[in-house]
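Here come two complexes built around subunit A, the first alongside subunit B, the second alongside subunit C.
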Partner chain A sequence: MNAVLLGLGLLAGIYAVALLEDRLTRGSFAPAAPLLAGIALLARESVVARKPDRLLFETAPVLLLSAGLLAAAVLPLSPTLVLVDLASGALFVNAALAYVLVALLMAGWGPDGAYAMVAGWRFLGQVIAYSMLIVMPITAVAIRAESLLTTVIVVSQEGWWNIFYQPLGFVLFYIASLAVCFLPPFDRPIAAGELAAGVEAEYTGARLAVLRLGRMVLVVSLAAATTVFYLGGWQGPWLPPWAWGATKVLAVAASMLLAGYYLPRLREEQLLAWCWKLGIPLALLNIFVVGVMVLAGL
Partner chain B sequence: MQTFFIGFFGLAAVVFAVGVFRTSSMMRSALALLFSQTALGALFLAMQAEFLGVLQIMMMATEMSIMAIFMVMFMMDPGGLGGMDMSHQKRLSLLAGLGGVVLVTGIAAYTQWEGLASATEAAAADEQIRQLGRELLGRSMLVFETAGITILTAMIAATAVAVKVPEQGGSHES
Partner chain C sequence: MSALQQYLVLFALLIGAIGLTLSLYAFARALGRTREEAGKNVPATSGRLSVEPAWVRYHAHYLGYALLFLAFDMEMAYMYPWAVVFKEEGLVALLDMGVFLAILFLGLLYGWSQGALRRH
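Entry: the complex of A and B
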């Protein structure tokens, strides 16, 4: 029952994100557009490059989709609406997200095309920049909750959400989650204006549909993770818990799609420099401050 | 059920490990090693060591991907189109492999499993994490800190070796 409800919720979330992206990128609002675009992609011929590494080429879109789904599986929408409440849930989110990198490397290498390959390796550089900014803020969240259970993390934020308790961690995690979903300004792996869609360049038809769906799931998963870790999950007055959960997830997803308009794109080496020289020290400072606050009983 | 999954993931780990040497594409080789390690992580999960399993699955993805780019950078034929052979020192490897199998089978056959199984009944997953945390910050702290500092030193040394120092007083044309 939970699986069905969560599946439907995820589908609704993906659809809403697709609509939002359409609205934000093209300025049009057509409620049927994502559905029609999906059908069109499925009906179109799915071309395979001339000398692909077939195994990697075929696996990549499915792996990207699975990574997003697995991350979503441990994130609760309400106290009871969670697929698996793993004891190491917060760590598992990160473990699942690590396979986004593997999927994009496969998608880059698989089709044997220059643009795709450059874009795939580029994402590796991006991961080296952002990965610590995912793990370290989650550590600070777990310190406060004294647990890695995602449901306990939500309960630990009663009265004082983590966005106020550890704002520094929130900012770092939020920026890093944009980079995980390779949304603008971190859309280097699919750099539309420069690498002819990068890792998506050689994908067409049904395979491209799965790849794009995977990215949508990723956006929803990261929005859900931000909600659970920093925005008090299902907590809120008047409305039922699941409604609060869903509203927050959608709001975070919308803000993630909007952020690209207001943040400048960085070159790879700039991103690496900023993340390592500023981001990681700040993340360590965040862990320290949260540790002191927890010990002080705040 | 548990035995089935332990067997399944164990077999998957072996199959992927063999795959590492059966291909001559650096990318396939690195990814086969990754999925062999991921199968080991899943094996931990099947053996109710949840935290270790998740940690293994998480760590290997980034590590093996970084290894992949180094393999692609350093090999002359990263795509494996030239029919390069991935195996060498065949006789030694064969003997070492057979020796390993004999050793592991011997250990498995001569261990008294009955006493062990009841003594180490797996604790609940959240209790395991708590125990692991106490272990890491207690008795094992020195070991882990030493390992950490050693790795950090190696990283700094490797970077220092790799960075090209500009020549002093010479021309900077090239």
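Entry: the complex of A and C
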């Protein structure tokens, strides 16, 4: 029962994110557009490049989709609406997101095309930059919750959400989560306007449809992770818990799609420099400050 | 649910994702097949025939970061169990990890001073 409800919720979330992206990037609003675009992609030819590494080429889209789904599986929408309340939940989110890198590198390497490969290596550079900013802020969240259970993490934010308790961690995690789903301004792996769409360059038809679906799932997962770790999950007055959870996830997803308008695009070497020279010292500072606050009984 | 059952559910989700992908491919196939035509499968290179193969040695100019990343990523594996017991261990936990992180942070500063944090 829970699984069905969560599946429907995820589907609705993906559809809403697709609509939002349409609205925010193209300014058009057609409720059936994502569905029609999906069917159109399925009806198109799905060409395989000349001499591909077939295994990597075929695995990449399904691996990206799986990574997003597995990350979403351990995140609760309400106290009871969670597919798997894993004892190592917060760590599992990390582990699942690590496969985004593997999937994109496979998609870059697999088709044996120059543009795709450059974009794949680009994403590796991006991962080395953002990865610590996903892992370290979650540690500080776990310190406060004294648990890696995602439901306990939400309960630990009773009265004082983590966005106020550890604003520094929130900012770092939020920026890093944009980079995980390679949304603008970190969309250089799919290279809008250069490299012929980067890692997506050699994917057409049904395979591209799965790749794009995977990315949508990823956006919803990261929005859910931000909600659970920093925005008090299902907590809120008047409305039932699941409604609060869903509202927050959609709001975060919308803000993630909008962020590209206001942030400059960075080359991966610039992103690396910012993340390692400023981001990681700040993340360590965040862990220390939260540690002291927890010991002080705040 | 026991831990084993939980992982079984996650495994089932993985199988489900593969099943969904395969059924989408089957649906696409039912709508029509890809026609084999000469030159259609050449990787994109903006109008010119691509030089093959593209699998050449790629200069990863972020190698300095990559080496530091290894050290930090290993360290994070210890941070999670530490974070869970942090509150009950109290000040001892803070000092233990503080010393560990300080050494690691000095490593970062040393790497920075030696020019690891730049494009190579």
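The working rule: the second predicted complex is superposed on the first by the 298 of 298 C-alpha atoms of A that agree within 3 Å, B and C clash if a C-alpha of one lies under 4 Å from a C-alpha of the other, contacts with A are read in each partner's own complex, and residues count from 1 in each chain.
Rule of thumb we're sticking to: a residue touches a chain if its C-beta (ideal position, glycine included) is under 8 Å from a C-beta of that chain, and two chains touch if they have at least 3 such contacts.
All values derive from a computational prediction rather than experimental measurement.
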Contacts of A:M106 with subunit B and subunit C, given as first, second, both or neither: first
First, second, both or neither for A:L42, with subunit B first and subunit C second: second
Which superposed partner A:A87 touches (first subunit B, second subunit C, both, neither): both
Partner chain in contact with A:E202 - subunit B first, subunit C second, else both or neither: second
Touching partner for A:L55 - first (subunit B), second (subunit C), both, neither: first
Which superposed partner A:A95 touches (first subunit B, second subunit C, both, neither): first
Subunit B versus subunit C as contact partner of A:F164, first or second or both or neither: neither
Contacts of A:Y115 with subunit B and subunit C, given as first, second, both or neither: second
Greater subunit A contact set [subunit C / subunit B]: C
First, second, both or neither for A:L148, with subunit B first and subunit C second: both
Residues of subunit A that lie at the interface with subunit B and also at the interface with subunit C: 86-88, 91, 109, 112, 121, 124, 128, 131, 147-148
Touching residues on subunit A, where the partner in the complex is subunit C: 42-43, 45-51, 61-62, 65-66, 69-70, 73, 83-88, 90-91, 109, 111-118, 121, 124-125, 128-129, 131-132, 135-136, 139-140, 142-143, 146-148, 196, 201-202, 205-207, 209-210, 268-269, 272-273, 276-277, 280-281, 284, 287-288, 291-292, 294-295
Subunit A-facing residues of subunit B, complex: 25, 27-28, 31, 34, 50-51, 54-55, 57-58, 61-62, 64-66, 68-69, 79, 124-126, 128-129
Subunit C residues touching subunit A - in the complex, by the definition given at the top: 1, 3, 6, 9-10, 13-14, 16-18, 20-21, 24-25, 27-29, 31-35, 40-46, 50-55, 58, 60-62, 65-66, 68-69, 72-73, 76, 79-80, 83-88, 90-91, 93-94, 97-98, 101, 105, 108, 112, 117-119
For the subunit A and subunit B complex, residues of the former touching the latter: 53, 55-56, 86-88, 91-92, 94-95, 98-99, 101-102, 105-106, 109, 112, 121, 124, 127-128, 131, 147-149
